[in-house]
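Before anything else, here is the set of structures, which you'll find just below.
Next, two complexes with chain A in common: one pairs it with chain B, the other with chain C.
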Partner chain A sequence: MTNTNEKNRQEIIVTGFGGQGIILAGRILGQAAALGDSKESTLVQSYGPESRGGACAAQVIISEDIIQYPYIKTPDLLVCMSQSAYDKYIDELKPDGILLTDQDLVKPAEDRDCFSIPATRMAEELGRKMMANIIMIGFTTAVAGVISVDAAKEAVTSSVPRGTEKMNLQAFTKGYEYGLSKLKGRAKKASGQTGVMA
Partner chain B sequence: MEPKVLTGEHFINGDIACAEGAIAAGCTFFGAYPITPATEVAERMSERLPDVCGIFIQMEDEIAAMTSILGAAWTGVKTMTATSGPGFSLMMETVGLAVVTETPCVVVNVQRGGPSTGLPTMGAQADMMQAKWGSHGDYEIIAIAPSSPQEMFDLTIEAFNLSEKYRVPVFIMSDEVVGHMSEKVLIPEAKEIKTVARIKPKGRKDQFKPYQPGENGVPPMPAIGDGYNVHVTGLTHDEQGYPVMSVDTQKDMMNRLLSKIRDNLDDIIRTEEYLLDDADIVIVSYGVSARTAFTAVDMARQMGIRVGLLRLITVWPFPEEMIRDLSKRVKGFVTVEINMGQISREVQRCAGANAPSYLVGHAGGTVITPDEVIHLIKEAF
Partner chain C sequence: MENYKIILFLCNWGAHTAYQALQDQGYRVPPEISTVRIPCTGRISKALLFKAFEMGADGVALVGCKPGTCRYGVGTNSAINFTDDTREILAFLGLDKDRLQLVTFLPDEVDGLRNFLEMFCDEIRSFGKSSLMPTHKDLIKDDQAGTFAEILAAHNAYGCQDCGKCTSSCPLALTGKQFSPRAIAGAVIAGDMNSKEIVEDIWSCLTCGICYARCPSGVNFPDFICDIRALVKSKDDGDSHQAHGGFFQSLMRSMTSPEMKTDRWSRLPKDVKLDDKSKILFFGGCAPYFDTFFRNHLGVRTTDVLVDSLRLMNFFDVAPAVLKNERCCGHDLLWSGDRENFLKLARLNIAMIAEMGIEEVVTACPECYRTLAMDYQRFGVDVGFKVTHIYEFLEQEIDKGAVTFNPPEKAMTFQDSCRMNSFDALKDLPRKLINRISPNQFEEMKDHKDVSMCCGSSAWTGCDAYSKAMQVNRLRQARETGSNLMVTSCPKCQIHLQCAMEDPFQGNDLKMEVMDLTSVIRQTICWE
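Then we have the complex of A and B:
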């Protein structure tokens, strides 16, 4: 409705529980687009008074043009890290939009096409459950192609606590590679395309 | 240690950009009490002020926070506080003290839904009239409404400059959305940033009158300790700064406090126009709502409706003449703001009988959508 004059505009909602690093994930996407890829991007967030456990969403708009109205009604890309977030936002996803989920935390409707990754489980295997969001960012970078890999890595490095950069880049790469293999698995995406939105 | 000016491109939120603007403008004292959604301003100032040998104090409440920045300002430094609605209410008495003692200071209000504790984590623009009239008595202040993190940086510098130039409290009337929204912020090189410092008195110390007007009706301001005797009081005072309870002294003091702003509107007021030249319908908006308005103008134009936007960068003093002039040639005004009718009433007052004025308002907690603006335009015109 509001993106009529804004070309090449991609609208992304990252959502889950407070404490999963949802806002940081949104921040990394926005920062990668703005600083690494030299595009315009806007991040707005919605959250409740509680810092953990409540519903939480980051809305990121990435565009070649100036972004005015900063909110998203119908995202092109929906990243869900909780069932309640999925239930809340799934009807807003554009018909041809892409759904990404944490496969252990979200059970989408059976007829719903989606890209899923056991991000939280993979993070636990890496020794830090809180890196699930970074794995998800890696996965999103590979599958959706809204930000470049280099920009994403740079944004991850500068956004995580000092001393944890290596560990987080490893998490990013895990998610990214998982995403690439998922893409390969889809025969129609086999011809050198890095992302379905790129 | 980080430098004073963090030259380069950053992806930061409006609150942090505001703090960086303050540091770049030369602010070296920040006294505040944390409150959502303004806490990040305080957090950033607490991290950054040591880099510039400044002082950060978390005061016991907002009354003390506001008082602290006045006291610090009289030692010769640039000062700021940041708060949201409930804290803004507590500051109001001291805002009057800042006005009457002509103390330069910057007050950031990252607005949230009210009244009272209201909606701590959700935005509104309902403190706009409070910024103008919240303290008792007649007065003029300056209020600025940033629409983006970039403007939180740029206009915070502007706020300091105006405050120093006119010796008046300047309000940065932001809101939760702009405060917490992250975007690219370009911080220029230090030498490209224009900063203004208050004019200090010269001449014989025994003949000094602290409230004798200088250029633009603004008295030069010494720092306590410079050797010039000053008497700083909230009571009505003469040019010497001494309390004088008389009709004439009150009249003279008030005239100067009002006229130093009212006589310099061209220097103070800043607006942005978008497709206004051929517009039949003028949207008036500010802060985050102006972003809705830009999109609504584009949508209306695509439908063949000639809509333009007057974005208020300075909300107070209000650009009365501009609205009055426009009212003579347009079909009407639509004010878009997240309250139940504040600035829209100013627009209505200035447009008078020349053109109708409508409001697209909201009780707060979310932004107004462009669709709501289009809906009203179709209904009303």
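Then we have the complex of A and C:
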């Protein structure tokens, strides 16, 4: 059986608009896989006019084997943090691929199954909108399982500005727990339990 | 042979006549039986029935007249209810219900009475001695209670500036009662043991703490009153100020019996998941006793709060342990001045919890919360675990996301709990949770948060006409919000406020649905 977690190659596109820390998010994913989980990883970043406000993307491949070619056409995992990025990439996502979105910024097509989290709003509540990308990484770690928690935390702490490690870890944990909770909620719903039994 | 003690309360009319006829026949009454002649079985309260057990009785029979032959009409009917309620409570304490029986005889049913006496004695012997230890009035030693001077110093009451802010904010004084915290402080400073303030008023204070929030000198009035009560109790006693004939104090004292094996959890619904090995313990509190005591009068259902808390923990995949032999936390004994028995309960509970290796105790009762989290420690009983209020647990879980609420069909208002408000960290929590459920269906009462009006009675002490008047004012405030659901967070608020709704003259203007926040959450929460 090939579960996304066990596939030995994962192709990921993280996308949003410039200034959201999209590239950093991609780098953290790749770094966690390479340094923490001892896998191979590559990162390709789209620069250009996009990095100043337009759609912007990081392509990350995580693999057990050597990666020959770093560009991605059809990702297994698409992380969207803006509507324009969603519109641009959604058709590329593999049919059984996983879509993750910022709930307040992306309105996916009705029939599209997706995991959403109000990452930007949560970051604002934590006091720093900037950390939405870190919350998203936490969420991705929980939902998609492409990197391990420990590796992810390690990569987060070593990538964020010094002095903000604690805050960022807190943001990561929020996203991670939200993700676990989402999975749990889905499992409960699937088993027919929605509310508390009376 | 063990020395059994059996008490017969004999109604003066039918029952006593039969008993006399039995003696006239030369019948030797079994030596374990002592009789108390009473005017009518309807005059015996739950408090008196229970008191007999508290004082060491192994069995109690209330012997009255057949229904319909009661000289006063309704005596036997009241006795049936009282006896039933008390029997249920005995069962919660792990005693066989049949240790307490109500039997009725016509004056000429001499054989029937004899047979009953024989049978009852046999039955009690077959149950063995009662596990309730007679609780003597274990007054704390004078030196432990401290002196007025020490108490005054400990609570900075010498710093009282005589400004009167306390009296002008005290809800009891505002209701019109001749009652003044400032005057109490004054009387204690003057050391006048016989003053009205010390004989009467210290038992009326609700220990709600509104005055403390206002006092410029930071006199912690509730704690001050708590100490003064213990001191007064060590000299004399304050029992005459207890509500419901002291039933609850008596019940709570009885739980200090080390041999007692309570049976308060056996009636949980089957779907509730518990785990004996969990490091998280759910501490229930006295709800089952309250509900049984009031079931024929107020019909309160505070036990729902416990069941709903457990179900919510289960909803979030936590199956906690419960303390099989849980005792009262001791809150009401502490606050009615009985420090000795409070400490006994504290030590018993803590020893049992420690034995289970518990790391965290979750409770839904603000009084249990305060007592476990603060007062055990304050009186030198070390607590080796973290104490969490169910709202803290829920907020933490809900904050993780992926759950949502089906908004209730009701418009809500919220009754603050004074014990919860003594913790800064908890004050805003109920409101935060209500906002999560539905921010648009919530309206505050005129007095809320720090200066909220309390439910009018505390620690089953000092309930009087002014308590009622206060409750009526509070219910009016609730009705003025236009809401139709009063959300509460303390079982006592439910009990005392619903009591005021029973008022035959004003009841309909005051009636309102009351539900604990835990139950509101249980009914509305769902996975996203």
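Everything that follows uses one rule, which is that the second predicted complex is superposed on the first by the 177 of 198 C-alpha atoms of A that agree within 3 Å, B and C clash if a C-alpha of one lies under 4 Å from a C-alpha of the other, contacts with A are read in each partner's own complex, and residues count from 1 in each chain.
The definition used in the following text is that a residue touches a chain if its C-beta (ideal position, glycine included) is under 8 Å from a C-beta of that chain, and two chains touch if they have at least 3 such contacts.
Bear in mind that the values here come from a model prediction, so they are computed numbers and not experimental data.
Applying the touch criterion given at the start, work out whether A:Lys182 contacts chain B, chain C, both or neither, answering first, second, both or neither.
A:Lys182 contacts chain C only, not chain B.
Quick check for you: in the superposed arrangement, does A:Tyr71 touch first (chain B), second (chain C), both or neither?
Touch partner of A:Tyr71: chain B, not chain C.
Examine A:Gln31 and indicate which partner it touches, taking first as chain B and second as chain C; both and neither are also allowed.
In the superposition, A:Gln31 contacts chain B only.
Of the two partners chain B and chain C, which one touches more residues belonging to chain A?
More residues of chain A are touched by B.
Touch test for A:Glu40: chain B only (first), chain C only (second), both, or neither?
In the superposed model, A:Glu40 contacts chain B only, not chain C.
What residues of chain B sit close enough to touch chain A in their complex?
Against chain A, the touching part of chain B is residues 9-11, 13, 36, 120-121, 177, 180-184, 288, 291-292, 294-295, 298-299, 302, 367, 369-371.
Which bits of chain C are touching chain A when the two form their complex?
271, 308, 311-312, 314-315, 317, 397, 400-403, 406, 522-528
Per the contact definition, I'd like the list of chain A residues that touch chain B in the complex.
Checking each residue of chain A against chain B gives 1-2, 4-5, 27, 30-31, 34-35, 40-45, 47-49, 67-71, 73, 155.
Once bound in the complex, which stretches of chain A touch chain C?
Counting only chain A, the residues touching chain C are 117, 174, 177-178, 180-182, 184-186, 188-189, 193-198.
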